[in-house]
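Below: one structure in structure tokens.
Read from first to last, the chains carry the letters A, B, C and D; within each, the first residue is number 1.
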Amino acid sequence: MADPRTKTLGETLRRHGVSRRGFLKFCTATASMMALPPSMVPAVAAALDKASRPSVIWLSFQECTGCTESLTRSHSPTLESLIFDHISLDYHHTLQVASGHAAEKAREEAMHANHGNYLVVVDGSIPLGNPGYSTTAGVSNLQTLEETVAGAAAVIAVGTCAAFGGLPKAYPNPTGAVAVRDIVHDKPVINVSGCPPIPMVITGVLAHYLTFGTLPQLDQYGRPMNFYGTSIHDRCYRRPFYDKGLFADTFDDEGARKGWCLYKLGCKGPMTYNACATAKWNEGTSWPVESGHGCLGCSEPNFWDAGGFYNALSIPVGEVSRSVSYAAAAGLAVGAAAAGLNSRAKAKAKKNHGTVTVDDLEKKS
Amino acid sequence: MNESMDFLLWARGTAFDVAVAIFVIGVIIRLFEIVSLGRANNLAEPKGSEFGPGMKTIVTRTLPEAGVFKRQPLTVIGGYVFHFGLLISLFLFIPHIELFAATFGFSWPGLPNPIVDAAAVLGIVGLLAVLWHRLTNPVMKILTEKEDYLVWLLTFLPLLTGYLAYHRLVNPYPFILGLHILSVELLLVLFPFTKLMHTFTLFLARWYNGAMNGRRGVES
Amino acid sequence: MSEATLERGLNAFREQIDAPVAAFFSSCVSCGMCAEACLFYTETNDPKYTPIRKLEPLRRVWEQEYTISGKIKKALGFARPVTDAMLVEWRELLYDSCTMCARCSMVCPVGNDIAYMVRKAREGMAASGNAPADVISAAGRAVKIGSPMGIKYKALEAQIKHIEADSGEKIPVDVEGADYMALLSSMEVINFPEYIQSLAKIFKQAGVSWTLCSEAFEATNTGIQIGSSDIARQLVQRIVDGAEKLKVKYVIAPECGHAYTSIRWDGPNLIGRPYNFRVLHILELLDELRASGKIRTENLSDERMTFHDPCSIARKGGVIESPRRLMDMVSTNFVEMKDHGKWNWCCGGGGGVSANTDAEELRLKAFRRKKEQIAETGAELLVTACANCRLVIEEGLEEYNVEMPMEGLTELVAQHLVVDENVEA
Amino acid sequence: MTALEKIPILVEAPEAAAQSYLNTLPLLHEILHALRRLHRDGTSTALDLLAMPFGPGDEARLFEFLGNGELSAELDAMGQSSIRESRFSGVWIIEHKSSGGRRVALQIEVTRLPAILQTQPEDIGAGLDAMQEALETLKAGEPV
């Protein structure tokens, strides 16, 4: 590639001998991936034809690499890979060949060359408790993020850690982990939450940026509406069972075998916004609910601290029965005291009884 | 930045524990306060027993006398509709049953959601009807105090927020679910110190009425 | 003896509040159904007569003295105190517009026995000097002269002589060891001496050994009406002493509603011990005599008759079936009122209301309820078993220009009694 | 798929697949309405089946219902694609696979002829060039 930055996606594909039919097919798949309706395909085609190649810098902080795994775990060439082929991934710890100073140099060069235009992808949360908890080349995550983001066009926070603090932030949050949005206030930040996020969703967001050059419409958590606009519950194929009141009570009962609703088994689908029900996992094979396990709510803030995974959403986080028994014990004690007060007050009133006779029924004036 | 989820977690966590504790302690105090006032031993020769008629009145007072029903059908029908709507929504909605099961260790079968949904709508309509009645009926107007409106609101909010949450009419869901739980917590906290106590004390009241009349040989 | 002060009244409220009262107040949701059972509301449409509202002073004392939240409110200065001015305002509600008929107690959805609480609230009213003047004077006469109407035994003695001369029946007085001691209401002595004559006739035929007591003939109890257990106790004690002196087995309450409840249900609790005699209402006794075949009737009337249940005897006394069996002894054409037995409507003059001239106008308004009820039956004769109901109804009918003869049930039974001349008293 | 298929999976819940999740019926009605529109005023509609919350077996039931019609076509461009008319004329099922054989799009098109079957103007140009070049090569001498 002579000067990849000047080439549009259409040119790249044509150079690879892709026919217009093939391009249309690619656009159909891309629109589907971006969760856009088929009627948007011509617009996607027109935009993709002219899409230029953006520079992407991928920063990994307090994370488990699950997000990268999710993205790269495909066994066969995929649409995602095509999109990825088109972007210029100039820095990524795990994937890049360069290491050490060379790697950091690549990042700095990309930042310099594309100032104001590059995308920053972040996975992992940022520790504020002690900068030493997580560093790259001796530089704290906070510093790296601030530096890198300064010249970026936008930031994509991939995974629940980057988006909401994630598992590092779970109680009692020993590292003082925070999300990207807690630090970056002056740049658009798109949260692509999930633990890990659905690969198609990560790519879909990139594709959207690639296609339209803008950020998609976001929900109140900064997540793209077209993937996070509906809850798992609302798109769940088992929803009719919820409505009919048919639930699995254990993982091996009749209800479980018949594929009934997993609400009672702790499915957090009603409070979870993600595209699992339609995008599915493992190349469209299945997704948690289809495999018989409730949704953990991994794309939601604080999902780790939201009570037991196997407790229904309606069950409070704490141990209610314990609270009730303690309160009952306290109530008995205080109640006995209140009862004592009342008995005493009434006994006193009886003692103070002034006998009424017919001669003192009239008020003395 | 995670306001609604933090709010939901708080409502499902600390706030719920505090509300339940106040509720349980408060209800026990109130019941103790009542019973501790005692009832004088009745020395008059009885014509009938106390216990049976008392229990019977607990049941029979659920139905209105025909004459007063004809005079104030809205009080009775509105009362039935909202109580049944409320009780069905509270006790027969499966997510609620899960909560009771987690609290008390036993559960019971629920109803399909569309039925509970219809009951909740009836409950809301019934509550609006009784509110309207309270605002227009001269007897209720003279009896009504601020507390009556407070109690109405405390009852109405859980139904309303529950309906909104179930139909996902407010986004995001964690926010409205949190509001729903918070409205219930508000209800729990104020329950022991308001007329909501009638939920428990009406059994005492009806029993006393039935027993005192039963002793005189009158079915009340 | 102490003075009638607000504090004595408040203390009486404190004393009177018990577990049922607390349960009742805790349960009220201000639904207003009690108003629909109260003739003072249904006939005036004035919401201030809503029964539960009449208890506001008692409710406030309960809330402020016996609930934690009330005590907190009081400490913070949010509580509205019970003042003398309030009690003055409430006099009309607790006395003039309530006969303690207990119909509201039957309809309350949460089971509140409102009449039970009105009775208790009157303790505080009487103790604080807020009872109606007329009822205060009646209580004075009852205690000092022996009867609320001011009649003494001498008057009764004269009536007895009169009856004995007229009818040839013997009226036994102060017979020690008699089985039954009959009580009278002074209204019977003055207005309906036929009752005494009927007793003599029936008892003679049935072979009942009975007596009157010259020291305790008055059955009515103004103490109960005014709401003073102390005064009520004095009046009940008189009867208990008389009955014990004559060593009777039974005391018979006359055709008077509140007399029955006070001697039958309140008495033992007032004097603090069970009786060593039993108390029967005259209708209960007549029904027993009927059942055992000791009295029979003849020449049953085919006149259309209906029966007014005195509240204190039926709803509050449990004497509901006996009068119906006795009606069938005298009539072939007995029709019930629409609401009868425990569901009857009060005549409007019970609970001391008929003795209270302040309440007269309201009472006559409220009487429309009874008037309509009677009219609905199409009856030609109205029967009852309470001298007070009878006077109140007669007065009410006269006010509304309705011609309707009335009889006491005991007299009717006596009229139709099969008299066997061989029976000796 | 090949790698996953090597993992021996015991299917524990055959009943789950056997039942209907009630999700296909509304979709079929949507197709019916689209077909009615096409019939009335020629408006085409496309539905993205990958955006449908299908449960196990829902898709198979849908295709079973739609059946096979008169025409089917294969497309080989950046992977295989199949375009076939259902037994209801005007309702087309289009499945696109990537070159690795993975499904990347699945659509129902309610139209006279899916656009992807038509030769695209750009490709006609490319075809023209290619054919001209081929013929020129031919002129160089060899017989056809």
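FYI, contacts are C-beta pairs under 8 Å (C-beta built on N, C-alpha and C of every residue); 3 or more make two chains touch, one makes a residue touch a chain.
Please read these numbers as outputs of a predicted model, since none were measured by experiment.
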The pair out of B-C and A-C sharing more C-beta contacts is B-C
Of the chains present, which has its C-alpha mean closest to the combined C-alpha mean? B
Rounded Å distance between chain B and chain D, as computed from the means of their C-alpha atoms: 57
Go ahead and note the Å separation of the Cα centroids belonging to chain B and chain C. 38
Could you please state the distance in Å, as a whole number, between where the Cα atoms of chain C are centred and where those of chain D are centred? 93
When centres are defined as mean Cα positions, the distance from chain A to chain C in whole Å is 76
Using the touch definition from the top, which residues of chain B touch two or more other chains? 29, 33, 35-38
Which residue numbers or ranges of chain D touch two or more of the other chains? none
Contacts with two or more other chains occur in chain A at residues 338, 342, 346
Taking the touch definition from the header, please name the shape of the chain graph: line, ring, star, complete or other. other
Chain pairs that touch, all of them, please. A-B, A-C, A-D, B-C
So in the complex, which bits of chain A are touching chain B? 164, 179, 181-182, 219-221, 231, 234, 242-245, 247, 263-264, 270-271, 273, 300-302, 305-307, 311-318, 320-321, 323-324, 326-328, 330-332, 334-336, 338-340, 342-343, 346
What part of chain D is in contact with chain A in the complex they form? 1-4, 12-13, 15-16, 19, 21-23, 46-48, 50-56, 58, 75, 77-79, 81, 96, 98-105, 107, 109, 115-116, 119-123, 126
Per the contact definition, I'd like the list of chain A residues that touch chain D in the complex. 18-22, 24-26, 28-29, 31-33, 35, 37-39, 41, 74-79, 235-240, 256-259, 277-279, 282-285, 290, 292
Contact residues on chain C for chain A in the complex? 1-5, 8, 11-12, 14-15, 17, 65-66, 68, 126-131, 133, 136, 139-140, 142-144, 226, 228-231
Residues of chain B touching chain C in the complex: 29-30, 33-40, 42-45, 47-48, 57-58, 61-62, 64-65, 67-68, 71-72, 75-76, 79, 134, 137-145, 148, 151, 193, 195, 197-198, 201-202, 204-210, 212-213, 216-220
